[in-house]
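Next come two complexes built around chain A: one with chain B, the other with chain C.
So, the complex of A and B:
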């Protein structure tokens, strides 16, 4: 079989058309990788500058009452991942800026896509665009040509007559074509690695290896199916157009239809309904800014009884600081319930969509590519959760300062202030992308489906080749 | 006459090719699905707007009841006094919606990237968090919705490709070409007639779909111009691909090479050029993180509130010279409250100043994109379809401008009423409610 692969590659090398096409494609591929790197770099610079700006502002903030700072809040920004240059996933459709403040869990706003008129339905010219859409198409033509030329010249017939095993020939041709795709993939990954040499670490390398594996499997599936159809169908035009039809349905038609349908099966609430439900639930809690609130009176009664005093001014802490934290904690329960529901629905949508890969392995490839590149919805939700946990931490710190920061116990002390030392003591927000170990279980199903498709292709090649009429 | 027979004979070719029939049926199905998606979003947005308006009407009635006899100071909010213009205006239920056009059935466009309903208050801004897009799966947004525009832009060239790929080259490969040349008027005229058949078939399919879509949302009564524009643009778009593919067929001699060229050119126009423009743009102008706007809402806002009443009054007098003649200036308590409430005008100015560079950058980016349309026809038509269905960036920019106009109007109104010490009754409240909604 090795001999056939070697011959096949020698044949590829002798084809001027293929050489010129490959050379042109490699130039475009390298340019794309470089531009992807540049774009991520520029975006990172903007992100760092914005983050630094708000951190400086935070550290140099005026002296204020802790509750003033709760309302002042701060902003955090979603950074570009290192692998964004290869596959930016959902980044252009999610917002970038998130205000963190008391009493409310804000939503991330101002998406890149909302800043201009429509440009590209298939995203930017990133490595993923070429690796997912164009290389498979090249493989289809190459695989078709590889079998078709043998059939038309009668060489295939001759080889079989001379005793060569048809299954072996077909498998070898599939491997030869796949290797062409894998070579282009390797070049892309290496070029990206060289550009990012300084920031590479074990986590990124492992992620890239999984990404690499996903593409290899997909390339084998596409090559295998094309080789099978080209060998099996007598009408060569029909073989090529059938495979092109499959490519169109897989890459353009089905992902769109399946994900839109999945959104209808597991419906997300409308924004109006979502906000109303949160507002309704929120109104059942303590309102720290409304002294006539019934639940607040209850808390006051409870604390007075607990500390055996008759007025809040005799409590050993600032009552209003405790109220604010209670208010916040109730709010947290409400946000957890409603945002948690959203996350659950999104997870259900994802799972259903992943199952769609049984019909279309391209879905698995896209999922794995953006997932291992760290730019899928899971990573986005992780960013939001980390930002929310950070918000809760720093609001609690401020409320505690409000409640227990004063030495005075005779009255509610709205004069207590926090200053530079306090601001510096609050660590800056730092987003930690999810670890690979937490990503693998989510995408295991995609890997399994790709392997299933690969085995299906191999079976078709092995068992289907026995039915091919050559003579 | 010969041309007519060739044309009619092509129908037989077509009906004997199950692959081509399946392609047309799939295209029709995708078109119907896309139109259904557009119609569904149109109805959904209408329903959401109705719900908001109903809630606003309820709130308004509660306020009117207060003016009719209930207390003007709500028991749970003892700091509110509806006789004061600032509170009366705060309690008006002024919403500004971007009502979906019935032509949205044709293109969802950028509608999922923006909100379509906004409560107008003096503290509001067109870039507020509550104007964020509808809740949607970000991965679905990234892949894009299969709306009718998607079908036209990306599937119609593929349908043309499937219908045309083997014309002429199949005859050459089977060795019939010489026979056809002898029997036909001319090779070119034979080719044109055959290709024209499929071109008309695609146009007819599009026409059916556009009519079907129009019936879904009442385009013919509410936006009949949109119907004509959709026809015109879809015709022009298909013509563009038709011409390209025709030349490939004319020159090409083998099915394989023709298919490769057709799909290659499809890739270049539908994928590579728009993606390259998008990539170049994001390198030249990385995503705006809106720090100026965030600053205006944070530090600069606090700096404003740190200023003394006197300084803020001086700034207000520059913005609204009529304040200098107000009788409130002589009453310390009332003057202080009026300055406090009017500071929203200074905040609004801060926000407007911060928005300017952001919108200027957006304008430059959009001008750049428009500048690429001569070699980027897919993006050109994409934006044309969005314009027809009023889901283009510019439609949402206009909506933001209208929001800003209503905010300015509300603030101007508040300043005038407050500094003239107006007392609000039911009639006045209704007048506010009406005037503050109007875009003139």
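So, the complex of A and C:
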């Protein structure tokens, strides 16, 4: 088998057309990886600079009442993932800046897609576009006549008579073509690793290895299926058009059809309905600015009884600070309920979509690529959750200061101001990306499906080799 | 020994071989003459195992990989490899590893000019490719050789060299079956000759029994009847 692989590679190396195409592609690939790296790098610098700017602004803020600071809020940024050069996943459409403040959970803003001028369906040239769409196309062009040309030239007869087993021939041809794709992938990963040498760590390396494995499996599947068609179909043109048809169905039609279907099966509320439901739920609760609210009265009654006083002015703390925090906590419950539901629907959509890979291994590849690159919805949701938890701690700190840090003024009103020392005591938000160990269980199904497809390809190849008509 | 006994083979109801019986002893070169469609290639493909007979028995070596050398009418080599690389590749598939000198010797013995050995076969003429094909079969040192129009595209000198090579192989004990239209070459190189018509062996004779001209007349007679 090794001899056949070696011979195929001699063909690849000596074919001027292929060599020129490959070289051109490698240049584009490396350029894309480099531009992806630069974009990630510049984005990181911009975020760091913005974060620093906001921090300076925060620390130099004038003295204010804590509730004023609650409204002043702060900004956090979703950091660019190091693997974005290989696959930026959903990052360009999800936004990256979030304002954290009291009373409200804001939406993430500043999506790259909203600021781009690109009108192409595929948008800008990305590493994932080349790795997921173009390399498989190159593999199809390399493999579509691999067996057919041997058959038509009569060499297959000679190969068999010289002792080459048909199964070995067909497997060797598949491996040779897959290796071409894997070589381009390796080059991309190495280029990416060299560019990010300073920031590489065990977590990123492990993630990249999983990503690498997913692409290797997919390239084998595409090569195998093309070689199989080349062996079974009577002419090379038919093999090529059939495989191009499969490529179009896998990469364009099925993902879109499946996505639309899962959105129908597990429907998300519209943006307007979702916001209204949140607003309705929250307005039914305690409102810090609405003392007539029933919940407010209940809290007042409870605290008066607890501290055995008859008026809130006799409470040993600023009642309104407690009200703010209680309102915040109720708001958190509302957020947890609605965003929890949203996350559940998204998880159901994802699971159904993942199962769709039984019909289309490309879906598994996309999922695994985004997942292990750390730019999928799971990572995005993780960021939102961490930012929300930070917001809760930040607002609680301010509300506690408001309630329990206040002192009575001459006019018997509670008052407090927070200044530089307080501002400095508030730690910056630090996003902790999800660990690989928490990602693997989510994507295990995709890995299993890709392995299933690979075994299916091997079976097809073995079965196909028995059906090849040598004459 | 190569033996075919009462072989019947039909394609879509059309008889390709009709009760063909043939025996070739070790060290013998047998020439199978016949017009296009007479059943020569079918006979070879049956022996090579690419076709199965409808009835009858075939006897040849047990291992095609090591025991049978085959030269097709059109040898299609890998155009991006040189003659010597093609030979090396096909030998390695059989499990034979020869040194460069040995490979060169095989090619030279089969009549390929030395300066062509390292040139890519995309620039080879049909005759040059044929010589490499002969070298592939020759390097196998097989017990049986099946040749389908082996001299096709060869110049008279190379054709003569092929004849000498086949005689040398036979003298070393190889059994050779050569299907051809080339009456003169068959008469010259084969010990026995069979004339195949519509899948049946209509005449069998020893080559020393006839001159080349007589063989041609005999062949034409059978073809016209």
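Observations on the structure shown:
The rule we apply is simple: the second predicted complex is superposed on the first by the 455 of 471 C-alpha atoms of A that agree within 3 Å, B and C clash if a C-alpha of one lies under 4 Å from a C-alpha of the other, contacts with A are read in each partner's own complex, and residues count from 1 in each chain.
Note that a residue touches a chain if its C-beta (ideal position, glycine included) is under 8 Å from a C-beta of that chain, and two chains touch if they have at least 3 such contacts.
Computed from a prediction, not measured in an experiment: that's the story for all the values here.
Aligning the two structures on chain A places chain B and chain C side by side, free of any clash. Of the two partner chains placed by the overlay, only chain C lies in contact with A:164; chain B stays clear of it.
When the two complexes are overlaid on their common chain A, residue A:53 makes contact with chain B while staying clear of chain C.
Between the C-alpha centres of chain B and chain C, as viewed from that of chain A, the superposed structures give an angle of 100°, to the nearest 10. In the superposed model, A:445 makes contact with neither chain B nor chain C. Contacts of A:380 after superposition: chain B is touched, whereas chain C is not reached. In the superposition on chain A, contact of A:460 is made with neither chain B nor chain C.
Counting the residues of chain A that each partner touches, chain B and chain C differ, and the larger count belongs to B. Using the contact criterion defined above for the overlaid structures, shared-chain residue A:133 touches chain B, although it does not reach chain C.
Between chain B and chain C the least C-alpha distance in the superposed model amounts to 18 Å. Shared contact residues on chain A (touching chain B in one structure, chain C in the other): none found. In the complex of the two chains, the chain A residues touching chain B come out as 32, 35-36, 38-39, 42-43, 45-47, 50, 53-54, 57, 62, 72-75, 77, 89-90, 92-97, 99, 106-107, 109-126, 129, 133-134, 137, 141, 144-145, 148, 236-238, 240-242, 244-245, 248-249, 252-253, 255-257, 259-260, 262-263, 268-272, 274-275, 290, 292, 342, 346, 349-350, 353, 366, 370, 376-377, 380.
Of all the residues in chain B, the ones that touch chain A in their complex are 19, 23, 26, 30, 33, 37, 44, 48, 51-52, 75-78, 109-110, 113-115, 117, 127, 129-130, 132-146, 150, 153-155, 158, 162, 165-166, 170, 173, 255-256, 259-260, 263, 267, 270-272, 274-283, 286-291, 294-295, 297-299, 302, 306, 361-362, 365-366, 369-370, 379, 382-383, 386, 392-394, 396.
Interface residues of chain A, counted against chain C in their complex, comprise 3-4, 7, 10-11, 14-15, 153-155, 157-159, 161-164, 470-471.
On chain C, the positions that touch chain A within their shared complex are 45, 48, 50-51, 64-66, 68, 70, 72, 74-78, 80-81, 85, 89-95, 120, 133, 136, 140.
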